[in-house]
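Each structure below appears as structure tokens.
Two complexes come next, and they have one chain in common, subunit A, joined by subunit B in the first and subunit C in the second.
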Partner chain A sequence: MDQFKQKFKEEATDLINDLEEALLLLEQNPNDKDIVERVFRAMHSLKGGGAMFGFDHVSEFTHHLETIYDLVREDKFLVSADLLTITLESVDHIKDLLFSDEITKEIENNHSVLITKLSTLATNDVGKAATPIENQDNTASTQKSFYVFFKPNPDVFENGTNPLYLLDELCELGESRIISHSENIPLLDDLKESNSYLYWEVIIVTDQELNAIGDVFLFVEDDCELEITQVAEGNLLADEKVIRYLADIEKESKVVDIQKLEREISKNKENKTEQGSKESTGTDTSVISSIRVASDKIDTLMNLVSELVTTQARLSLFTEQQEDAELDAIGENIQKLSRQLRDNAFSISLIPLQSIITRFQRLVRDLSNGLGKKINFKTEGTETELDKTIIENLTDPILHIIRTSIDHGIEDVQTRINSGKPEEGTILLRSFYSGTNVFIQIIDDGKGLDHEKIRQKAIEKNLISESTQLSKKEVFDLIFMAGFSTAKEVTDVSGRGVGMDVVKRKISAIRGDVEVDSEPGEGTTITIKLPLTLSIIDGLLVRVGVTDFIVPLSAVQKIYAVNKSEIIDNYTHTVVLDEKQTPFHNMREFFTIDKEMPDTVQVLVVTYEEQSVGIVVDYVVGEYQAVIKPLGKHYKDQEFISGATILGDGSVALVLDTNKIIKQSAEEV
Partner chain B sequence: MEEQINTNIKSYLSFKLGEEVFAAGVKNVLNILEMVKITEVPKAPDYMKGVINLRGAVLPVIDTRIKFGMEESEFTKDTCIVVCEVDQDGEEVKVGAIVDAVKEVIEIDDKDILPPPGIGNKYKSEFITGVIHLDEQFILKLDMNKVFSTDELVMLQNNQNETNNE
Partner chain C sequence: MKKRILIVDDSESIREVLSFTLENAGYDVLAGVDGEDAQKYLNGEPIALVITDLHMPNKDGIGFIKDVRAHEDYKRVPILFLTTESQTAKKMEAKSAGATGWIVKPFVPQKLLAAINKVVR
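And now, the complex of A and B:
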């Protein structure tokens, strides 16, 4: 049972996420029927599932919510800000109910408070909302005829389902005609009294959508043969011929032939294509298009793929030495396959940013209400996909950035009006791909960062000295230093002095980078740059001295061969490449390797802060697929190394972070 | 591991650094490797020799001689890497220690371990948790968690420099 409970909790998490998302959407479009429907369905599933798996308090509580949204659904109740606030609180409460280890006093109190609120809402406002909306909708409502084929599996009773109740529920939706089929009942000797042998066909005329009919069967979907088809617009049961046809069928105990039925009615109906009218219930399609997989299975897959890639490198090295044409061909094929397998396995572990957006929306909503600010949270490009591990580690930093934006960035309504801005502030979360990086930007139109204030603060906190000359960018970077917080007083939202430095650290931990740009009075943009994936990269194997290094291929634009005389004793640290002056950093100098340099060295041109910068290495060995492994805590000070990888011969090569190398090397020169 | 009946008897791996013999609790020792090719990590302290491939994982390797302030010496056929697992702020961290030679596993009762000498000790007393007197020889028992801790590495080095300068 525990196992099922666990499963339900997982499912409930999805449902709750969906519910929250739908509620936030509903706030934007209070009149959208589809969203109300989505909210209702999520609640309905929560209630049903809760009852089935013994979460009675969840089920009972959700029932109260459902009652209200049923009214909303029927346009007897208006969606109001109050309603949404209480509903969101209720959703939080459901989370508590589901995931707390024990039900504390606090949760219990909350429980009764919320139920009282909900019931008052339900009774109070019904009358008010009912009149205006109903008038509009009744005129527009159209009746449709559906054909339902419902054949429960023989063991349906074992789950405690009574098909007759379902039929009753179905008939409540509108006018109906049921044909029951008893031809499957076996002779008495073979009859098992615990089995169900009947099946039914129903023609139902209702103004509800197909989904509403599907909802009736929501919990037996897997235990029956079910077919729901919209056969016609309008009332089919008003048609003499159809009634006669159905009567005939019942007499001869035949199954309704939908096509024939459709032909009967097609004469006076518009030409509707079969496909258009035939819809499977929503859940069916989603089952086929995606499956749920435990994340540790994906982790295992990724590990196996990593090992395969490493082993493949050994194989490549071996085949090279053998000089056997056939072995070569096999080796190359394995290489191709492992590359494809790697890409595929990666795409499995990618999830869209959308999956964490709801939490941000929630934060913006709750926090802006609490601070009396008006904020519109917009998102762009949330379909951008990122590695699962990155997404997991990204939520907290982004939450913190948004929190800071709301607290310090966006001004209150009065200030905004005074400075000629729209009273509603905007926070935009934007995400896009660029090369092999993913960028996430959080842009607000608040008061921006005060350049001079940051400088003063940093001097005050002894982070820099009075005389330090800093560029604009460097000043902004100060806010990421530990112990820096510009808030004048500590609020419960931000300004505890821990914050942006933690953001920076967390993002660095997933090999990302974070930058700030700001225009006083205009707003602030925080850009997070992330690698697409953490574990395997396409790299360039290079050698400096006796040591092998991997440079991410994505960073390298071009490779030039240069005579060593151009590098050695070159005090300008620039070299002319393609008739362009290019500053360079000699890795031998940087790594303090004394050995004699080869006569010809190679310069990798990489992009650093939108400039081309050269990195001088002895020799480029070739392309290499590198499985990145952590270097461990003992080398935490070697920031310019992002990890290590095992080469084909079993030795270790270090993976370089070109940005950090150039930054550090530039500081040393 | 430790026996139920007399839990005071524990096993130690003894190894040589120069003429000195040290002992490490076997519960910290995972295995012993022959010397392999070590990939040097640039810009790291001297005693951080580099990294090696330990069955597909990357293992940092420390030259214990340099770390203990001894002269660096050529590796011989006896030189090996003792793979240890040490506790770092509640996290298990693996690290390889290069030693001149591994001797044996000895079993010592806790009561036979003498307290470390307070004065005249070459090594920081925090790292030596006791002295074992065995076969006319003194064996220094090490606190592996402290010796190979990521923070202490820096501290010990600084300390060594200071003493060298004096």
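And now, the complex of A and C:
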């Protein structure tokens, strides 16, 4: 038998490992039924094996766990942080039970404490979840009517009993009618204020047995006159005659005559109608407010919508050429519908940021404990929705930023106290919409970034030269360069070669941008700017020479018509727009397009690093819904191109990233 | 304000079980290790309920129940004592000392809360 025991212990180790892993997963996805099932299976195997091989403690204990997770399986119990904490404690305890050489006093104590915690949890929550089910049972005809006579002794208050609480408890058992008798109250002079003079008669309708009613008066049985009788099956209080009879009794301060009551009942028995059938109406009105859909179906939908939008563009072009009024109308209608369909399909593929927040919370919790730092992780605006592809690609970068923030940003408790900050550091994850972008900020109140240190480091690493003059922002941007790490030593947590440059690259891959701002001693703010969606954008179709380009409409603030003489041979590269000096970048030069410039050109004003910058194109063709397609590998290093789109006539236009164009163009000048 | 319950028991694990259950049910808990130790809580601050074990070193439960009843501020406070099913004689003794009711050991949380529900609202 002993060798079997050994075998079971090995098996149990695997089961426990699996259980722990599943529990941690469950913490991140509390609603995932598959994980709950996995947790339950592991528990069930532990319980079965424990009983088989003589680990009765383990078996009995696991049974309690299993009970709760059985309820979770049936949706009668919600997975909460409390539950998971206690479950994890319990798993540790099972390890103790299995692998300790002897069961110490401590383990024993732990055993009973955990069992109580578990059953407390079970009773608390099940109570809530199961109430409606119990109510349904009440409507069944198992109800009985009882008569209770309760007259406490005058000195009942002496030992701390309050008869009112007992009546309250009695009424909780079901529907009740209480008649209170005050005729024994003496005249004021004779009244002893610490005595009880009242007595009560109660008709109670409940599905409980006589015992349960007796239990209410358990503590006072010896200190009162008590009579409990079952007077009828069914609900006596639904009978109008009984109600009237009781009202009369109360008015005339008479005592209920049970025999008379019973006669009333038997008289009524024949014309009793069936009850309960009417209660069943109105319960079937549940409306499905949401459904779960496999994500690849949504991907397919998005693809189809993209194709539709592309085809619609062809249709639009065709109708324009036909000059047919009827076709025009149809074309416009299709255009409107496809736009609505597009917006609708988009909103389906959006998921709230909240869905990935738990991972960050867990990270902060584990990491701050590990480093002995106190950190409060706060979130704002986590209801902000993003395209699911973006969310999927966002988790890792944000995890890295938070990790860096905990490791390098937030100081340890002592340092914080010394610099007059609250002991507990704060990391705030904030998200909000602005225009067609979503911003996510990770703000910490740690020690901030040290300008000079970053500069020195960059010089050391040959990223910049000693003489390079950089603005504050440019210095901060250095941390996103490959091979840069400000931490003096590589720590356990961050700085394992995976730097902020990877964060930048990953966010760029989803057409986002990341910026950092910091005040030494005050903290650091990292801002991630993301597009709402990746696949279709509202664009502005512009033409330079014979080539068409798409500029995201969201980037463009204003469009000005400017005489070409202001652009050509302009060595300052600025033009006055609305009385403001505006630097510009000529796309004709940028793409080295030779063709003659028209007399009037158009300048798109976009915002670049909080400044207005002009982009010069020949002319604006119009708005265009651009379905963005990725470009082949030859273009993958061209950062200024977000992708390409197919135009109505079947030709291809590049989608430009204005920020990157300006940056690159500025560097060339 | 949360209601305060004074628990008196010499067993640490029982105290822990009681505290956990009661705090979970929304009460504040004061804990004494025996009748002598628990005297310090009889200081005029409001107490909604006393739960005491009967067998304890120094001062046992019966003695402590009498102390509570003799105290001007607490003579009407409900007192529940912990007992086992077999101790009928002890039950009578505790009741005549002034106890309001009892809780049978071993108990599960819902039993405990049900007993409390009879005497505190």
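Throughout what follows, the second predicted complex is superposed on the first by the 382 of 669 C-alpha atoms of A that agree within 3 Å, B and C clash if a C-alpha of one lies under 4 Å from a C-alpha of the other, contacts with A are read in each partner's own complex, and residues count from 1 in each chain.
Operating definition for what follows: a contact is a pair of C-beta atoms (placed from the backbone, for glycine too) under 8 Å apart; a residue touches a chain by one contact, two chains touch by 3 or more.
Keep in mind that this is a model prediction, so the values were computed, not measured.
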| item | value |
| --- | --- |
| Contacts of A:654 with subunit B and subunit C, given as first, second, both or neither | first |
| First, second, both or neither for A:590, with subunit B first and subunit C second | first |
| First (subunit B), second (subunit C), both or neither touched by A:186 | neither |
| Partner chain in contact with A:166 - subunit B first, subunit C second, else both or neither | second |
| Touched partner set for A:113, first subunit B, second subunit C, both or neither | second |
| Touched partner set for A:644, first subunit B, second subunit C, both or neither | first |
| Subunit B versus subunit C as contact partner of A:370, first or second or both or neither | neither |
| Touching residues on subunit B, where the partner in the complex is subunit A | 37, 39-44, 48, 50-53, 56-60, 62, 88, 91, 93-95, 150, 153 |
| Interfacial residue positions of subunit A with respect to subunit C in the complex | 108-109, 112-113, 116-117, 119-120, 123-124, 157-162, 164-166, 168-169, 216, 218-219, 222 |
| Parts of subunit C lying in touch with subunit A, wherever the complex brings them together | 12-13, 16-17, 20-21, 24, 69, 76-79, 95, 98-102, 108-110, 117-121 |
| Contact set on subunit A toward subunit B in their complex | 307, 310, 546-548, 590-593, 629-638, 640-641, 643-644, 646, 650-654 |
